[in-house]
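You will see chain A twice below: alongside chain B first, and alongside chain C after that.
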Partner chain A sequence: MSLNELLFAPFADFGFMRRALAGCLALSFGATPVGVFLLLRRMSLMGDAMSHAILPGAALGYLAFGLSLGAMTIGGILAGLVVVFAAGLVTRASVLKEDASLAAFYLLSLAAGVMIVSLRGRNLDLLHVLFGSVLALDDQSLLLIASITSLTLFGLALLFRPLVLECFDPSFLRAVSRLSPVAHYGFLLLVVFNLVSGFHALGTLMAVGIMILPSAAARLWTRSLPAMLLFASLSALASSIAGLLFSFHADVPAGPAIVLMCGLVYFASLIAAPGGLLAGRLPSRKHLES
Partner chain B sequence: MLSLSRITATLFATFALSTGAAHAAPIEVTASFSILGDMVREVGGDRVNVQTLVGPDEDTHGFQPRPSDSRRIGSAQLVVANGLGFDDWMIRLARSGGYTRPVVIASTGIDTLAKGAGDHDHDHDHDHGTGEGIDPHAWQDVGNALRYVNNIAAALIDADPAGADEYRANAERYSGQLKALDAEIHKALGSLPRERRKVVTSHAAFGYFAHAYNVEFLSPVGVSNNAEPTAKGVAQLIRQLRKEKVAAIFVENISDPRLSERISAESGAVMGGMLYSDALSTTAGPAPTYIAMMRHNLHTLMAALTSAPPAR
Partner chain C sequence: MPPLIRFENLTLGYERHPAIHHLNADIPAGALVAVVGPNGAGKSTLLKGLAGELRPIGGRIHLPDLPRGGIAYMPQRSEMDQSFPVSVFDMVAMGLWRELGPFGGLSRAQRHRVENAIEAVSLSGFEARQIGSLSGGQLQRARFARLILQDAPIILLDEPFAAIDARTVEDLVHLILHWHAEGRTVLTVVHDFEQVRRHFSTCLLLARELVAFGPTSLVMTDALLARARHLSEAFDENAPECHVAEAA
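After this line comes the complex of A and B, so read on.
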């Protein structure tokens, strides 16, 4: 098999591969940067929680309007926002901390989602939907994913300063500025948007993978935020390409292949990177703090 | 207490049944699956009461008999099965249910086809039990259905000689309809150029149809019942559709409509609708009888094959 056949022919011959690539490109530059901030704010697991929280909304949209992009998107976003703001409200107004209130709401949301899925007799279709379809991106889905990425980049640029401050010293931001809640909820809005976007491409279960894994890998290599963002996005894109090619040549499902490739980068970084396992054991180096 | 009342109910039911039979009411016929049941109903008319063990929209291949089925088949006066390994369990069930007359095999006397005769590289694992190597879906050729009707009529006359004239008249009328249907299918598909009569389908049940009406059925490569399709599988399918210049594709195991759309857009093959192969639909569906089923399949095929030619 020539290099051409191995790397380029799949994309040159098949439109669905090019579409998958375009979708992954958008995700790498939208969802992954959001993942970096999630990671830095120690909210990595929140992404996972949120991805389950959008499930009932998307499922309801699907049940009501069939496989309609609009209905599932709006349903997912609404469900995500309800959980985020309800959890935020409970956090501010009760003794529960954010993780506890979020866990409570996402578990309820997940249970509702599972119930809705099983209400429908033919739930097989819905399962397909929940597993996503990076190989079946149509014009509308691509447009949606690209729009969300554009919105995300714009939003991150706008919120960059307060976000960075919140990442490193949330109490300082709260003390000096009233923008703290704006930054907080604005950011959560972006998280929900990107989860919905990732859910169209990779499915609810895989969408978080392309957010968090490249971010974690990037954090192992560098402490500089711009470098981290760049590394995360580029490694997400490279993993996507590798995953798609792997799916193409080895006959494995595409979504999991992409996320597993992200995982491969993560493990390689974990071993080799300055912030990883080996570096800390070297006597000549100062211990790196996270 | 419950079991006692159930026994009483059963006793009453048995009593009612036996008195019913004594009054020469409809004779009880049990057929293995819905298509056969419909044929028996057509030939038997009012003189028979037909029950099918595998109902509309149910899969005969995976049938698991329940005790009530055994009871029902035991009380039948005539048991009709397809044969060819399609419903072997029927014969065993009839024996164990206490049915003593020979089971009528509707497909007796047809020219059988080998499995996969209608398509190439047939890699389906379509296990029908003992009928190894023979395609049992003979009813997909209306010519064979005529033979089924004759066999059923002969069996009914044998079981209920008093109704012989009625059965003969019904069979004659029904056969006339079937011949018209056969001609209709031949005419419609014959009007298409040879190279347009090429279809990819995941059903392994159209060998007889392909043979009788000169339509080429290919089984799809690359897609299986996996939870998620792979890039390789989708690419293989698109390649196959392009290479063979297939006009239409009927696949059930690609259940994501967005994926079907993409495949169709890239290969130029039209995504067809639903073809009925092994079971009728319920009365609310498009194929509640055998004739309606064949007509529905024909229209679905024609709609797909005559719409936009492959854009290549």
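After this line comes the complex of A and C, so read on.
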């Protein structure tokens, strides 16, 4: 097999591979930067929780309108927003912390989702919701993912400074400005949008993978936030390409292949990166003069 | 001259339990006040109330009309995430928020002021360092540099010298005295009585209520300190409702 057949021919010869590539490109520059902030806010697991919270909305949309992109998207976004805002309200008004209140709402949401799904059970189309269909993205889905990425980049640019402060020193932000809730809820809104865009490609179960794994790898290599954002996006894109090719040649599902490639980068970083396991454990490292 | 800050029959606390109750005191503009008292006397609570993080259960705090950020508050246990990837320069520059807001860029003059603030706390050369790599004392210096740039007329410091080396404490006290000389109003929770006697002209002695407020030499007496200790020990968690009239 020549290099051309291995790396380029799949994309040159097959339209669905090019579409998948375009979708992954958009996700890498939209969902992944959001994942960086999730990681830095110590909300990695909450992203996972919220991805489950989207399920009943998408399922309701599916139940009412069949496999309709619009209905499932709007349903997913609405369900995500309800959970986020209800959890936020409980956090700010009761003794429960954010993780506890979010866990309570997402568990209920997930249970409702599974129940709704079972009402229309035994339909293979529903695998689309759970595992996505990056190799079958139509124009509409692709447009949706690209639009959400554009919105995300715009939103992150607007929120950047308050969001950094909200992650880094929230009490300071509260003291100097009223933007703390704007940063908090604006960011959660972006999380929900990107989870919905991610589930069209990778499914609700795997959408968080392309957000968190490249971010965790980036944190191990980089020391500044801009570098971390860039590293995370580029490594997400590289993992996506590798995953798509692996899926094409080995005939395995693309979504899990992409997330596994992200995982591979993560494990390599965990071992080799300056912030990883080996650094500091190697004997006789020369230290600097000052 | 009217007082800058007036506590009027102020009660602050958590879940109906007062941490301080029925506090009356006038703080003049430009005062340098050491807030002292035994553990659990309500010192941190008082600062939180002033900073607006805690709503009074009763009474009032009268404050002058200040823009948001006009009170710079440095809590004892900061929520700051020290593992966040941010440099000392950027962290200190956040003190300019009131001037820059969410979108403003740093002008050359402001960049210079950030550098000056970093120099004023003897952290020159550390600008590009990640805050995660700083020692406790160095981080406290960086927080003070940020306070310098906040340029607030009222500064609240909650135990700024806890677990800090002697040399750093000396430098930071110097900064506080400098703020005082500039006419700012500074309230600082201090545990070390020696520091209080050496550097602070005014003292507010708390033990869940006001024990004494005035010149340090008159407040930091054995008799009053013993009374503060006694008051704080006598506090009963299951006390009946307090019946001091709310209207002053």
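By our rule, the second predicted complex is superposed on the first by the 276 of 290 C-alpha atoms of A that agree within 3 Å, B and C clash if a C-alpha of one lies under 4 Å from a C-alpha of the other, contacts with A are read in each partner's own complex, and residues count from 1 in each chain.
The rule is short, and it goes like this: a residue touches a chain if its C-beta (ideal position, glycine included) is under 8 Å from a C-beta of that chain, and two chains touch if they have at least 3 such contacts.
Given the structure is predicted, the values throughout are model-derived calculations rather than measurements.
Contacts of A:Asp169 after superposition: chain C is touched, whereas chain B is not reached.
When the two structures are aligned on the shared chain, A:Arg178 is found in touch with chain C, with no touch to chain B. In the superposition on chain A, A:Ala12 makes contact with neither chain B nor chain C. Touch criterion met: A:Val252 reaches chain B, while chain C stays clear of it.
Common to the chain B and chain C interfaces on chain A is no residue.
Across the interface of their complex, chain A is touched by residues 51, 53, 68-69, 71-73, 75, 78-81, 84-87, 91, 94, 97-98, 101-103, 130, 150 of chain C.
By the touch rule above, chain A contacts chain C in their complex via residues 40, 42, 158-159, 161-162, 164-165, 167-172, 174-179, 219, 222-225, 228.
Contact residues of chain A toward chain B in the complex are 10, 13-17, 19-20, 67, 124-125, 127-129, 131, 133, 135-138, 141, 244, 247-256. Contacts from chain B toward chain A in the complex involve residues 226-235, 238, 255-259, 261-263, 265-266.
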